[in-house]
Structures are given as structure tokens and as C-alpha cells.
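Labels run A, B, C and D following the written order; every chain starts at residue 1.
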């Protein structure tokens, strides 16, 4: 049977985007189509993810060309889950943006590009071919460029210059790595490359390609010392855009690192220890950055950097336990960071500012909202038994098994600093009395919104909070999935067999 | 002075270049060319026309905003890619008409795909260039 | 079996349910839901009182083979005593809180947080699994954060909540590290499975034992406010009094003590344990007792005496002798009884008079006789005056210090000193506000019973247990001692031991304590003195450290995130050069075999020459137009190279694209300013070095790669099938539209997005209300 | 010739990097374009080069009769060129717009978003 299911999470957003482009100026119609489109994509992704949880690695040879000759799309449990989470996050952000994005941006392509972005994300997760992955990356970066500058505010443009430059540099470095791999091995298919790399005795040159991919993906995933573009730009666009960026963009980089360094470049002690050094530095430096920021979105931005470190640490250790911790953290982080940025957007709607010194008084005014915020925030911190706690537990166990003090120390320190940063937000935004409420009231749009719009803004935050609660409280289920992923990732032969020995290869 | 020459030249150049671009598009499967190059040549044709006659003139000539070529092109490419899925073939599988057609050669989904590419390339490059010229 | 421990989840669910019931919004203040809330802890108290004897019961209720944790509970003597304290004192506190919060806002909120806290505490003391214990442990930190910061609009409240969660949070995380090491070493996360001698031997002989123990101790010490982390506890007195009475006398702060007691049979018999507990406990108890004497705020005095009492418990747990274990088992109970009574007393006085400052209070005796009695009884027990239960406790403490080998004089001296000061402090709270002249300007009267009856119950119990120690000896205290020591203990509490050293020491304590009380004149002067001494105290030091760390973070962040794109790029590229250079130097061979390469013709040299010149022009031209033109020429020369080397499609595409790019540039440059002319500077050298390094690496790598035999398997497949299967003869085009058609599909998407981006960048003008969304 | 091309690649990378480290946004874009050219040429070179053998199957044949240049790198570069055209066009316009709004071409004056 041909597994069309693999391609639907890519095609559905494409179709929605094309339809949206036909309704270019009708921003009202666009809003309905967007939500419907993301809803359908979410269902398709859910179906795909369920299929991958049976343990099969599902592949689809596009154009019927057998692997490694054609472009193959592959869904293993990792890809399946990421596609599901990306679609979920995008669905929530689309709900959020339906109300929060005004006619101006909406009639200049916001919604189609949101769909394209989701298409790019899903495509990256499903690509089984390294050049195809590159092209998907380009879809992601160009959509993110457009989204980040849409509106052309001064801050947006300033941030975008840095964002664009460093991301283009990353793409070029990635492309350079591909050139070397193709020059050496004559192949682009990931599974085929894996086989050929294992047979090759050219470790030195293959490692140069590995380093180039490490740096290219490292920039995209904002690892220390390559993260500078992130805090310079993530707080500049509308909150809906920050949310999808904060939740997913860096994670694609992490996914690419995981894929490439589990399938292609497997046992290189130098690279593994490089990962560990970078991971621990990212954890600490990112958290220190978060500690001193005054803008909520910048706090979250630096926390992204810090928390990427947790995942990279897992990649550096690469034991089964570490992989479980890493992918669990990845899943948790997508949900929680998307939610965090949406929450910051809601705070902006409620109080008219992103800066701590202009905020306050939410706890007494909106106690139930505050509790929801608190749950989301404590998940972010990793307070047990919420979602962030379990992956840390596995990472700590893994680092004990490796007798690696650095990672243990890093995780503890970064978790603590995250706690402090989040408490800082809580104290000034929620607990403190609003310092200049009368003046701020003029900027607050919340009061003028009709009830249905308020509900539409709150709904996605509630959905993600519930999902993160579910992840935390039903950790056993998630760990089962992570265990399956860890098995698939630590045994590249499974992936290779699924791709290269696919019966459809012989038409 | 040279605008007059250019104006006259572009009057003939535009259809000629467009024809050439279509030729490049259709023959791309056999000779160097294809949707990309074809589209780019067509775009240059319109740009030249705009240089000579002024942008509004070219835009009137085109009737629709070039931006709308993009969803059309994307739709054609996407449909030609997804069409095989109706026949339970994987995405992008080539579907071919049995007998070859004169000039073009074999007729198949790949050609429609390339036509989509052609349209998107024209649409995108013209959108970019026209927008810039409009908002100096 | 259907043992009572398996019913615990039902109890927990009931509590949770009631928390939700309380959290549902209500219009009326102090509604029925608030009034009924004491029933929950009362019910739980009865459950623990009647459902269990002191024997150990363990039940695994849920487990999963992939998770390192399981839902399992143990109830033994220790757990039961704590559960009884938590629920018993909890019941009284809830009754008290109903009176205390009467008419106040957010009563239900306070009660739901208190219940949540109670739930968490029960979880801590009943969990058998390390991770589960940690989960509940953190829940106590979190819920106490909300309770301490309950008066959230008050800055001091917020600060102390932050302080509390910072210290306990850090301690908790470090403790988690310790737990994981412990669990991994022991091979199990179930505490009850660690008790057998072999496992204990494995644990204590492991290389990571000492750091693990230190981690766990840090968790316990921070939670139980041991020196130098003690200061968060006096700070936490900003909370409403029911919270202080509950969290900071009876329950949360004892979680650390509980933890130490729980691990005492496993980790206790080691030098690190003994030294750490005795020294930290000893310092804490005497330091905090001394501090207490200088305070004027009743809650502050009580907070410091609590810290001191916690120090005593830690100290006793460090000694590990039978007497010490008996002492600590009893003291946990004793302290909870009198301290909770004290706190409620202080709260009620505050509630009625509006102040807790003992230098301003006097003569309350006439108006508040029952409170006076409570104060006397609590001070009695606190001071260890016979026949109170406090006397029994103090007796045991002295007995154990006297018997401690080697250090008996020192330890006994410290204990006596501490107890003298605690005695005085007890009188300051329990006696001083009541004696002397009545404050005239207040029309005082006896408050509602809910504000004093709960305290009275506790104070009376303190006396009752002292008179009849057999009430608690076998049912409560002995099982606790068994749990702490890990083996059967035999305790006989009695009031009269005969005339011995211990009795003399007790008499000495009382006498000197009373003298101290007489000497002390609380007031601004003494407060000022101790606050200025605090400047060198641990609070200031830890504050200094945290401020220093924030300063450091600020500095590092400003250095790294400096806003200069050039620096960012230099760091990234520098990193790339370093690791790529390392790999290239260390792992490649640098052999170039000229024979494998093709010859150079003169045309090619010319073309490449033009390319070189144009590149240099782009680099150094002062004119923007020239730079762009040169860039265009670079593109065209590439185009010619493509023509030379059999890539007609590429050449055509490169040509058209290059043309369009140049057109674009020219259109845009129209309005841009001239290049900034900058003189040659050192930054050029650095940039040049990095640039050359990258360029050189690329050259070396590409030459290296060219030495390898090319793999053509996939190209050959394309070549073979391009016409046969894909019906095309231009293989490049066939690849683009068929073999790798998916790439092309995506590529036109990229192009469309870029066009949309350009369009919106140039055309979109936001309305004012859309500026920030 | 390969050596010459390898050096050219090195030069393009070096020049591109030197330019993106400058303060002018225009130079930044030119630098990125040069880097893109360098990467394309790298793919081309590492796919091995050969003269006069375009990968087009002769008129009267169904397969190649002779040696032919590897078509894959060409297809990859073609894709890469078109994609970078889109990105470059966008970047150029971004520079234009940023100049309009921020009123400077100097990148080092654009540091407000990094301030705490």
C-alpha cells in the first residue's frame, strides 16, 4: 500500500496556502480558511503520528522513483510526533492570530505564509534527503523572514537584518556541507549516505562535512556561541509570530542535528564532546541572559537558548536514556514555548506592554487566568510533575551513567535560573500592583474585544496548557513513545532498511 | 531619443521574447531550458517593455497583477503533482499520454508541472521588480 | 491486601476535590465552603489516627517499567507522626484561619492553597519513592510560595516569597541531583528497599557517596532553614499568621528534618553525616536563639526560635545515639505543639491590637485571660519546665549530649546555651505582652473562640503529654524512634529521673533563662544593634552573591549580545574556523595528485582572472555602483565557466538571474547613501584573517575531496532512465521536474513567498492600532 | 583547472565573509551573494567537472553513448540559484526598507533591539 499519509501534512498546508492566495485581499474569508486549513492539517498529522507509533517507519518515494534515486519522505516516530506537534502549535497560533492579527498584516499575506511555514516545518521533519532538507529549510527561513518583517516596524527591521544575515549564513554553510558530502559519496539520500559513510574510510573529510552541518544547524538552533540572532529579533514581530517561532524554528535545527548526528555521523568522540561543551555553555549563558532581561519576550527568548542546551546535551551523551530525555524535552519545549509567547501576547493585550516595569496587577484582576499562566510557567520551569520535569529526570540519569558532572551541574543551574527568571515575571506582572494603570489603560485593547474574540485568544493558550499538563501527568505514555524513538534513533539500520528495502523500490 | 528606438523595439520584442520563452519552456525536456529559464526570459521581456514604455503601460497590457500568476502556477504544479495520487500512485509520479505530441514530444504531468514553474517564476520576478519600480 | 495505606489516594483525591471546590468563584465572602473546610483536615487526622498503628505498611499503587518512579506509599512511625501533625495541627489552623480571615478578601484562595500545601506535605512524608517524594517536595515549595506571597501587592511579601522559593528551589534541585545519584547507586528509587545492609554498604562505599550526601543535605538544610540558609524563614513571616503557624512551625520547615530522619538509617552511619549535621545544627541552634532575643516583633522572635529548634533537631539527628533519637522523636512533637500555639497567640494579639511589637504591648492579661493562660502554658513547655512535655524533651537532649564521646562538654554547653536563650525568648512572647499596665487607647475584649481555642488545645496537650507520657510513649514516640534508627528502640519517657547531672542542667537552664529575660529590654536599640550586626551575616553574603551573579550575568549578556552584527558573525565564523580547522589539520592528509586534475587553458585563465579582479573590485571599491557592477561580472564569469564545463542550463539560469539581481540592485541603490568611507583599521586585519582562514579551508577541503574517486551510481541511474522512464533527454531538466521534482515544487514556493515578502515590505503601511499585535 | 577553481572558491568565500563583516548593509548583501556563488561553484566543482559533455541525451539515442557531465550537481545548483535569487531579492528590499525606516545604512547603528 502506498503511504500517502506521509505527504498529507505537507500538501494540506500547501493547498490551504494556495487557496488563501486566491483570496488575497479578503482578510475575513482568510481567517476562516486558515483555521479550517490548520485544523485539517492537524487531523492528518495526528493520523500520521498514530501510524508511526506502531513502530513502523513509513516511507513514500515521491515520483515513484526508488530510493536512493528519487526524493523520499520518511516518517519514523520522531518525525511523526514532531509533525503532530508542529501542526498543533500552528493550529493554536492560527486561532490566536485570527483575532490578534489586524487587517493590515492579514491582507498582506500573513495567513498564507503561516501555512507555508507549517508546510516547511512538516517537510523538514519528513525529508529523507539532505538536499531536500536544505530546500525545506529555505521555505522555513524565507517564510520566517517575511513574517518577522511583516509590518516593517523599526524594531522588526533592525532585528530582521541580523536574523536574515545569520540565517542565510547558516544556509550557505549547510549547503557547503552538502557539497562535500555529495562530492565524496555521490549521494543525497540520508539512508544511502548513512550506508556509504559507514563504509567510507575518509573519516577526516566526512568530519569536515559533519562540522559544517553542526555549525549550520547550530546557528539555526541557536546554540551557544551561535545564538545571537535570536534575542535580537524574536521579540520584535507580533506575538503570534513570536509564538510559532519560539516554539518551532529552533527546534527544526535541533531536529536536523538529531537526525544527522544519529544517522550519518555516529561515533565521533570529538563531535560528541563538542556537543556537551556547547550544551552546557548554552544552558548557563542563556539562563544568565534571561535573568537580566526586562522584556517578557526577551526573557523567553533567552530561555529558548538555555533549554536548547538540554536537548543538545542529550545529543552529546547519546545513550538510550539521554535520547529519551532529549526528545521528551523537545516535545515539551515546543508546546511550552509556543504557549509562553502566546501568553506574552495575551499579557500585551491585557496591559499594553511587554516590559516588566509597565506591567502588573493581573493576579487580582484575573485570578483564573493567572492560575493557567502559572501552570504554563511552572511547566516551563520543569516543576514536577509538570511536563518539563520528566525529560530532565532522564537527562540527569543519563549524565550520572556517563559520570558527567558538567551536565548535572548545568541542568541544575539552568533549571534554577529558569525558575528565578519566571518568578521574576510572575512577581512583577501578576502580583505587583500595576504601576501606572490609568495611563496604560489607553493602550489596552482587551476591554474593547467582543466576547467571542476573547475566547478565541484564550482557547489556544488553554489547549496548549492542557496538552502540557497531559504530557506531564501522563508521562509514562510519552516515555513509551520516546523509548520507541530512542530505539529507532540509536539503531540507524532500522531507518536504512525502511528506506532502501522498501518493497515499492522495485516498481 | 533612444527611448523611441526602445519603444518600437520592445513592441516587437515582447511577443518575440514571450514566444521564445514558451519555446524554451516546452523544449526543456529535450534541450537546455525549462520552466525556470523560460519564466525568467518572459520576466525579462516584460521588464524591458516596462523600461521602454513605462510601468503603467505594461501593467495595463498584462491586465492582471503579476502576483496572481503565482497562485495559478502553484496550483497547476500542485495539481499535477497530486493528480497521480488519485490513481493511487505516489505524489509527483509521472503520468504520460501514450502518443507523443508534435513540437513538445511526450505529453505528461511533468510538462504541466513545468508550466506551473514557469508561471510562478514570471509572477514572482515581476511582482518583485514591479513593486520596486512603483515604490521608489 | 486492603490495607489502609492503599486508601491514601482516595484521601488525596478528596483533598484535591475540595481544593477545586474552594477555587470555584464565589460571591459571598466566608461562605459555607470556607466554613466547612476544616472538616477535610479533621477527617484526614482521624484517618491517620485510627487507620494506622505504628507498624510499617508499604504499598505500590502504580508503576511503569519505563519510568524511574512509581506511586508508592509507606507509613511507619515517623510518617504517621508527621501525618498526624500535619492534619491535626492543620485542623486547628483551618478553624483558626476561619476566624482570622473573617471579613477579609480571598479567604477561599488562602484555604485552597493551604489545602494544597497540606496535600503536598502528606505526600512528602508518606512517599516511598524518591522521585515521588521530590515531586511533593517541590509542591510544598510552590504552594508555600503562593502562601508567603499571599499579600501579593505588598512589596516585602513578594520579596520574601522570592527569597523563600529561591533558596528552597535551589536546594530542591540540588537534592534531586542527589536523589538521582542515590537511586542509581542503590539500583532502586524505593526508600524502603534501601534498608537492607548490602544496599547500604553499596551506597556508602560508592565513589560518589560524599557528593550525593552533600546534595541531599543541601536540600534538607535549605528547607529546614539551617544556617547559613536560615534567613528566608524569618522573612517568610510576611504571610498571614495562619500560614506562619502552619508552614513555619509545624510542617514545611520540618520537611527537611523529616528527610534527614528518613535517611538516617541509610546514610546516617557515616562521618560526613555526623560532622555536617552536628556542626550545622549546632551553629544554627545557638545562632538563631541568640538572634531571637533581639527581636521585637513576636512573629520574628518565633521565627528565630523555630530556626533554632530546627537546628536542635538536625543536631540531634547527627548524633545518632539512642538517646538522641529518642530526643528528636519527642522534640518534633513537642515543638509543633508549643510553637503552633505561640504563633496563633501572636496572630490573635496582632488581630486584636493591630501590633505584634512586644515593646508596645502590655497589660493584655485582664482583657484576654485565656490567651494569657495559653501563653504561659506554651512558654512553660518551650522552657522545659516540669511537668510539661518540653521538660521531657530537654531532658533527653542533655542526656544525649552528655553521652556523646569526645565532644560532650562542647555539645552540652551549646545545648544549654541555646536552651537558656530559648527559655527567655519564650517568655518574651508568652509572658511579656500580658504583664504590666493595660494599653489604654484600645478597647480590648476577648476575641471569638475560633481565635484562641485551637491554640488552647495545643497548649493543654503539651501539658497533658508531659504529665502522662504513657499517652504517647508507645503509640507515637517509640515507633518514630524505630524508624529513625532503623532498628527497634526501647523508649521510656518519664518525668523524674532522680537527682542527676541532667536535672541540674535543667535547673541551670531555667534559672539563667529567667535572668536573661529580666535583663532583656526589647526595643529599637537592640533591634538596631542586631540588624547592623546582620550586615556581616549570611543573608547579606548570599544577597551579595546573588547580586554579584546578576551583575555578572548582566555583564556577560551585554558583552555577548552587544548588538553589533559584525561581532556576532565574527564569533560564529571564528568558532567555525576553530573546529573546522582542527578537523582539517588533524584528520586530513593534504595530498594533491595533479594527474587527477584537468589541464588549464589560456581562456580559463583569462576568465578566472576577470573574476578575481571583479571580486577585488567588490571588496575595495568606494562606489556602490561599481561594487554592484563588479558583482554582476562575477556572476557572468561563473556563467562562462558553466558554459565551458558542460552546463548550458546552469549558464542560462545564472545569466538571467544575475541580470535580474543587478537590475534590482540598481533600482534600490537609487536612494541609498554612499558607502561609509572608513580608514583602514585593525578591525580590517581581524576580519581579513577570519575571511582568509575560511577561504583557505574551503580551498583545501575542495582539493582534498577532488582526490577521491567520484561516485556516480545515482547519476548513472538518471542517465539510464531519463529517456526510457521519464521521457526526457535533457537530464538536468528531467531531474528538476521528475526525479527530484519535489525540490522544484518547494523551490517555487520559496520564490512565491519571497515575492509576497517583497510586496508586503514595500506596500504595507500599518494603521496606528496595528503597530503592535 | 580544478586548482584554479578551488582557489576561486576560496576567494569567493573569503571575499563574501569579508564583506558581510562590513558596516554597510549594501556590502552585506553583496557579501551574501558572493558566498552563495562560492557555494554553487563548490557544488559544481565537487561534482567533478568535464568539458563539452553536457548531460543531454543525443537526438537519435535513448541513453548516453559517451561520457557525460554529472547532471545532479547542475540540478542542485539550479535549484540553489533560484532559491537564492528569491532570498537575495528579499534581502535587498529589506535593506531598502530598513534604510527608509532607520535612516541609516550603517549596521552598527542598529543595536536597539539588543538592548536589555
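Operating definition for what follows: a contact is a pair of C-beta atoms (placed from the backbone, for glycine too) under 8 Å apart; a residue touches a chain by one contact, two chains touch by 3 or more.
All values derive from a computational prediction rather than experimental measurement.
J.: Tell me which has more C-beta contacts between its two chains, B-D or B-C.
T.: Higher contact count goes to B-C.
J.: Approximately how many whole Å separate the CA-defined centres of chain B and chain D?
T.: About 24 Å, centre to centre.
J.: Measuring from the mean C-alpha position of chain B to the mean C-alpha position of chain C, what distance in angstrom results?
T.: Distance between chain centres, rounded to whole Å: 62 Å.
J.: For chain A and chain C, let me know how many angstrom lie between their CA-based centres, rounded off.
T.: Averaging C-alpha atoms per chain gives centres 26 Å apart.
J.: Using mean CA coordinates as chain centres, what's the chain A-chain B distance in Å?
T.: 36
J.: Specify, in ascending order, the residues of chain A that touch 2 or more different other chains.
T.: Chain A, residues with two or more chain partners: 14, 17, 21, 62-63, 131, 135, 138, 142, 145-146, 149, 152-153, 161-162, 165, 169, 176, 180, 183-184, 188, 231-232, 292-293.
J.: Which chain B residues reach two or more other chains?
T.: Within chain B, the residues that touch at least two other chains are 30-32, 36, 67, 70-71, 74, 78, 91-92, 94, 121, 124-125, 128, 132.
J.: Give the residues of chain C touching no fewer than two other chains, as numbers and ranges.
T.: Within chain C, the residues that touch at least two other chains are 554, 557, 561, 563, 565, 569, 648-649, 653, 657, 660, 664, 668, 671, 698, 702, 705-706, 710, 712, 714-715, 718, 729-730, 732, 736, 738, 740-744, 747, 749-759, 761-763.
J.: Line, ring, star, complete or other: which one describes how these chains touch?
T.: Complete.
J.: If you look only at chain A, which of its residues touch chain B in the complex?
T.: Residues 2, 4, 7, 11, 14-15, 17-18, 21-22, 24, 60-64, 504 of chain A touch chain B in their complex.
J.: Which of the residues in chain C end up touching chain D in this complex?
T.: Counting only chain C, the residues touching chain D are 554, 557-558, 561-566, 569-570, 573, 592, 597-601, 604-605, 608, 611-612, 615-616, 618-619, 624, 627-628, 631, 634-635, 638, 641-642, 644-650, 653-654, 657, 660-661, 664-665, 668-669, 671-673, 675-676, 678, 687-688, 690-692, 694-696, 698-699, 702-703, 705-706, 710, 712, 714-715, 718-720, 722-724, 729-732, 735-736, 740, 743-744, 747, 750-751, 753-755, 757-758, 761-762.
J.: Where on chain C does chain A make contact in their complex?
T.: Touch residues, chain C against chain A: 23, 25, 64, 66-69, 109, 131, 134-135, 138-139, 142, 145, 149, 152-153, 155, 158, 161-162, 165-166, 169-170, 173-174, 176-177, 180-181, 184, 208, 550, 552-554, 556-557, 560-561, 563, 565, 568-569, 571-572, 575-576, 579-580, 582-584, 586-589, 698, 701-702, 704-706, 708, 710-715, 717-718, 738-743, 746-747, 749-750, 752-754, 756-757, 759-761, 763-767, 769-773.
J.: So in the complex, which bits of chain D are touching chain A?
T.: Listed in rising order, the residues of chain D that touch chain A are 20, 25, 28, 32, 35-36, 38-39, 42-43, 45-48, 72-73, 76, 79-80, 83, 86-87, 90-91, 94-95, 97-98, 101-102, 107, 110-114, 116.
J.: Can you list the residues on chain D that touch chain B in the complex?
T.: Touch residues, chain D against chain B: 54, 56, 78, 82, 85-86, 89, 93, 96.
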